[in-house]
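One chain, chain A, links the two complexes that follow: it is found with chain B in the first and with chain C in the second.
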Partner chain A sequence: MPVNASSGTIRRSTILAFLGPSVVTLLVIGIGPLLYAVWTSLHYFNLTKLKKVKFIGMENYASVLTDSVFWEALGRTFLLLVISLPIQLAIGLGIALLLHQPGVGFLKTLTRLSLVLPMATTYAVVGLLGQVMFNLKYGVVNQLIGFVGFDPVNWIGDPTNAFIAITFWDIWQWTPFVALVLLAGLTTVPSEIEEAAKLETKRWFTVLRYVQLPFLIPALTAVLILRTADTLKLFDMVFTMTRGGPGSSTELISLMIQRVGFRSFDQGLASAQAIILLIITIILSQLYIRLLYKEV
Partner chain B sequence: MKLNPTLRSLLVAGTCWLGVIGTAGAWTLEEAAKPYAGTTVDVVFLLRPGYEAAEAMLPEFEEKTGIKINIIKHPYENALGEQVRDFVANGDLDIALIDLVWIGNFAENDWLLPISEFTSNPELADPDLDIDDFFPLVLNAFGGWNGEVYGLPFDNYSGLLFYNECMLKDAGFDGPPGTWSELKDTYGPALTKDGKYAFALQSKRNETQSADSFARVLWPFGGSFLDDDFKSNLMSAESQAGLKFRQDLMQYMPEGIVAYDHAEAVNALAQGDVAMLTEWSAFYSTLKSPDTSKVADCLKIAPEPSGPAGRKPALGGFSLAVAAQADEKERAASWLFIQWVTSKANALEYLERGGVPARQSVYEQDGVAEKYDFVPALVESWQDGVPEFRPRFAEWPEITEIVQEWGSKIMLGEVSTEEGAEELGKRMEAVLEEAGYYSGEKPLAQ
Partner chain C sequence: MRNAQAGPAPRGMGVQILLMLLVILFCVFPFYWMVTTSLKTQILALESPPVWIFEPTLANYSEVLLKDGVGTTLINSLIIAVSTTLLAVLLGCPAAYALARFEFRGKRDLWFWFITNRMVSPIVLALPFFLIVRKIGLLDTHLVLILIYLTFNLPIVIWICTDQFRSVPYDLNEAAMLEGASQWRIFRSICLPLAVPGVAVSSIFSFIFSWNELMYALVLTRNNAKTAPAMAVSFMEGYNLPYGKIMATSTLIVIPVIVFALIASKHLVRGLTMGAVK
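Showing the complex of A and B:
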């Protein structure tokens, strides 16, 4: 590696050669489209009326911020987030702690492998599976609850039940991810400290709270940021399962943006919605980092 | 909107003239296609029986012409978006598949070529094209915009009442209901029992909600989306009567009907779970085949019930038009394909394979009406339909989204019919104002 002989530092040209391709790629596939979206959001830009494209300043943003449908969709998305994320964390942590126990190596390997399956399944396929499995008449979910004496539930056709179904499905698909990340976090706890703590107390919760949890903070922060961003942009699974219905009951913010941008073809308005969503995501990520890392 | 009479006369005269020339010069598809052999034509097809029928006929066309037809299959819900993106990006599509409600949009964006470009070319125009053989209502609604014909009707539908005769007989009925009120008040209570339902009105929140559910109850009750000044007509007594009727009728439909698309509704009838269904004629082959229907032997078909304003059945389907973005060879090859697949000569085979042609002559042939139960009802429906059943202007893609959202909210009881119609009307008028209908920038054409 070319090094400046006098100072021992790496030359600027070397740094540029290594970083350059990544930065250019990021600019082309990340920043470029983002800037284009910002440009679009400041224009009346409808794909079916390209002859009428014109600069309208912040009008699209004003329309979004005063549209009750946008806020309802955003509220629905946050409701999904505040229900599913704590459940994913709780179950994921439980699974991670179980897998962190010593012994039964083969079973643990098998469990780790099976945890990858829901995550590896394409979102859209998960949604289609949900559509079939939650079918009122022929779905396996109603068959199962029928075995324990419950009447069939109208999952997809009832607004509340449809929301419960997509929440359940999101939890099913992403709890394994949380479990695996937290399991990785648990492996960073020095074994001698853990063993010493277990000699001091028989209470697992005390060990978790004072020994394991501090080491889990980085993993938890990563999970919170990733899952929050994922939930805010959750689209495929819900689109294929309920298409946002019945009514608007499962129309999350990403489905709304897709509807406006690609079914009404109003790219300007959809871009403004997407930019606002991006700002919200960045603010939340910053909050997580500041609040959680403060404790470390 | 009616076809310009002058244009129609020209088209007819042109076709007749070509007929004379054709007799002398013996126009053949093979000869016409010679310069275009090896050309590939890209077209979007849907996942429906009529498209499978056309696909099965394709080898004959490709063998005769050497033209390759490249079919890109999409479910209905994706077809508009895929085509718009392709046309905006000046992509590969050579033929536009046009739903009734897309024609204004496509034509106003200059994405289509009028058929006169081809009918006026004796080398490309089949002397047997016989444009007047298409049902005028269907040609008008699906192929025409602003006095110009762009597309030839392809796999067209009318709303029909499919019913399970056995279930009706068991409940003591000799035949289907003639009116919507009769369906609700007499047939509804008698047929809704033991986990079975009298009726299904597919109402999923997509175009199904707008076309098959919302519009279906507006027109027979005398309502409409817009009045003569293009203001919302949804608060009129007639429109409200239709919407309230739908709410009342829901008690005789399966739970979760707001999540039923065509597939679920057709399946409900096919499995014997509902006794009656208003559905497109295109689903006849699915419901009539013992492979896909448990009630094939009991299946009967009638025209849609009447309302106080008459029958006003739903009108659906497509036309095929040559896309303006195609190059010269692709344009000619595309036209030859469109002309062939919608031709009078191929109509019977297309029908037999599961498609629904819009050629009058095929339904006049001996035995067709007897063999295909849906024919009499279909022919009757196509005599007196409403071309603007759903407005065909360029703004429909925006308006249908509003109808889908608020129509679903009304059905779910989240808002009353009045609240829903008021909000829907307000949003619909905002779109029309932005488009320039109220300022006189655009003519009030739908």
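Showing the complex of A and C:
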């Protein structure tokens, strides 16, 4: 069945030839394993007792949904998000407004380039760096807060402090991203409108609230959804910095599933947890595409 | 860029400069600390409180590269990142062309699928991939990582290149079709050369993401195909951590990423938001 392009017709076989290879690849490496994960999640499947693999229906899902460890990990993940995201948005918006102002071109370019560094850096390295900098005895963070009169803090060794440390580190790595996205959003404000508003009022907040904010909505939506997804994905940085500890105080959802699957070897349960996480992600993706890609 | 009719007041300008310097310091300081720690001997690194002025040494670098085999893992990372990027570009460019130029049913679903790939936690695929790969005996091979990295690289390449192909004037397609050129000819000889910037940017993204990846590498490799980030993590065993060596390895890992990120800095936002924010 030929499909109309705006001029002439393009045969279905042509479309298939162009799209086929990548779609097939993604099916084989993406969807195939996923189906296998669904199969695993319906079985008792422990890596140390492979002879005892057996079908148990929805039992794994039932235990996940009633398992406080799962909900605590999910809760912890969202706690990290609701603490770090508002801070990232506030500082990020500040930086974006700072860079949106006219003047000091060279320094502005330099600032923009430095903002690129944290988010591009290997997440595992960020975590290792955190280990080194937040160390109780040898860490520079304690030295720096010592200069302003604070006692050294046991960052990595104490449950609450470890959570604060990874939150701070998440803020360090991702505030620049938020700033750059919001800066990109600010440039979509037509300059005539912005100039006119600035003639009307001297207060920057009024300009922000009534002139710039409406144009920032897509950028804010993107930040909100992507940061949520990325926090649900967050593994490397926390794993290298705290391994989820002490206790389970920094064990986010992805770390918890990794532990159940590869350190407790319960692949069946871990797969059920992963599938539930996937469902949450799919809902987020739906939101993302509905809210942001109106034209496709 | 437009100019302000009246520049900001000198005092406001001073504050602006100060704040920008603060932002730069905040972003760059951890890197400064990483590099200086990598130049310290173990004794210096375990000084409490930390020392700022010291005689730098390259001993950590020669030790991790010559004795601990970090060099091999860097080469593994390079092989894997380059191969997966080449594959992603090879497979992704035609697909991007199709998405930019043809209308067909299910297009929206494809977009949705790609977005989901961007968002899903790697642990979801790491579990089944590990079981499958173990069964077919491919554990600890470069090939496995090259393939699994395609799950996030391919969507990124397709995404960015679709955008790029859309910006190629459609008139060129029509003219070529009137001449009787096949779609493949038009893609190869007309559109692809004009889409080189997009291909370059998406290659950089693909390289950075693959180079940075840790979880799959941790789960799917042991020795033979171990990547540099996985190697850096394995220094974290034991009581007295070799801080200098860890930071030297980290520095070696981060250098290429930073170079590439700075090259592609203008496109970083678009790439990370999958084109939703230009």
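Simple rule for what comes next: the second predicted complex is superposed on the first by the 271 of 296 C-alpha atoms of A that agree within 3 Å, B and C clash if a C-alpha of one lies under 4 Å from a C-alpha of the other, contacts with A are read in each partner's own complex, and residues count from 1 in each chain.
FYI, a residue touches a chain if its C-beta (ideal position, glycine included) is under 8 Å from a C-beta of that chain, and two chains touch if they have at least 3 such contacts.
A quick note: this is a predicted structure, and the numbers were derived from the prediction, not measured.
Engineer: So, does A:Pro218 touch the first partner chain B, the second partner chain C, both, or neither?
Structural biologist: second
Engineer: Return first, second, both or neither, reflecting whether A:Ile95 touches chain B, chain C, both chains, or no partner chain.
Structural biologist: second
Engineer: Check whether A:Gly157 is in contact with chain B, with chain C, with both or with neither, and answer first, second, both or neither.
Structural biologist: Only chain B is touched by A:Gly157; chain C is not.
Engineer: Would you sort A:Thr242 into first (chain B), second (chain C), both or neither based on which partner it touches?
Structural biologist: In the superposition, A:Thr242 contacts chain B only.
Engineer: Contact-wise, after the overlay, does A:Thr121 reach chain B, chain C, both or neither (first, second, both, neither)?
Structural biologist: The answer is second: A:Thr121 touches chain C but not chain B.
Engineer: Specify the partner with more touching residues on chain A, choosing between chain B and chain C.
Structural biologist: After superposition, C is the partner touching more of chain A.
Engineer: Would you check which partner chain A:Phe262 touches, where first means chain B only, second means chain C only, and both and neither mean what they say?
Structural biologist: A:Phe262: touches chain B and chain C.
Engineer: Is A:Leu79 touching anything from chain B or chain C once the two structures are fitted on A? First, second, both or neither.
Structural biologist: neither
Engineer: Once the structures are superposed on A, label A:Gly185 by its partner contacts, choosing first (chain B), second (chain C), both or neither.
Structural biologist: A:Gly185 sits against chain C, while chain B stays out of touch.
Engineer: Thinking of the overlay built on chain A, is A:Leu50 touched by chain B (first), by chain C (second), by both, or by neither?
Structural biologist: first
Engineer: Based on the A-chain superposition described above, do chain B and chain C contact any of the same residues on chain A, and if so which?
Structural biologist: Correct list for chain A: 137, 262.
Engineer: If we count contacts the way the header does, which residues on chain B are in touch with chain A in the complex?
Structural biologist: It is residues 80-81, 84-85, 88, 105, 109, 204-206, 254-260, 273, 394, 397-398, 401, 405, 408-409, 411-412, 414 of chain B that touch chain A.
Engineer: Using the touch definition from the top, list the residues of chain C that touch chain A in their complex.
Structural biologist: Interface residues on chain C, with respect to chain A: 2-4, 7-8, 13, 16-17, 19-21, 23-24, 26-28, 30-31, 33-34, 37, 45-50, 91-92, 94-95, 97-99, 101-105, 107-108, 110-113, 115-132, 147-148, 150-151, 154-155, 158, 170, 174, 177, 183-184, 187, 208, 211-215, 218-219, 229, 232-233, 236, 241, 243, 246-247, 250, 253-254, 257-258, 260-262, 265, 268-270, 272-273, 276-278.
Engineer: Within the complex, which stretch of chain A touches chain C?
Structural biologist: For this pair, the touching residues of chain A are 3-8, 10, 12, 14-15, 17-19, 21-23, 25-26, 29-30, 33-34, 36-37, 40, 95, 98-99, 101-104, 107-108, 110-126, 128-129, 131-133, 137-140, 142-143, 146, 172, 176-177, 180-181, 184-185, 188, 191, 218-219, 222, 226, 229, 232-233, 235-236, 239-240, 253-254, 257-258, 261-262, 267, 270-271, 274-275, 277-278, 281-282, 284-286, 288-289, 292-293, 296.
Engineer: Under the stated contact criterion, what part of chain A meets chain B in this complex?
Structural biologist: It is residues 47-50, 69, 136-137, 154, 156-159, 162, 242-249, 259-260, 262-266 of chain A that touch chain B.
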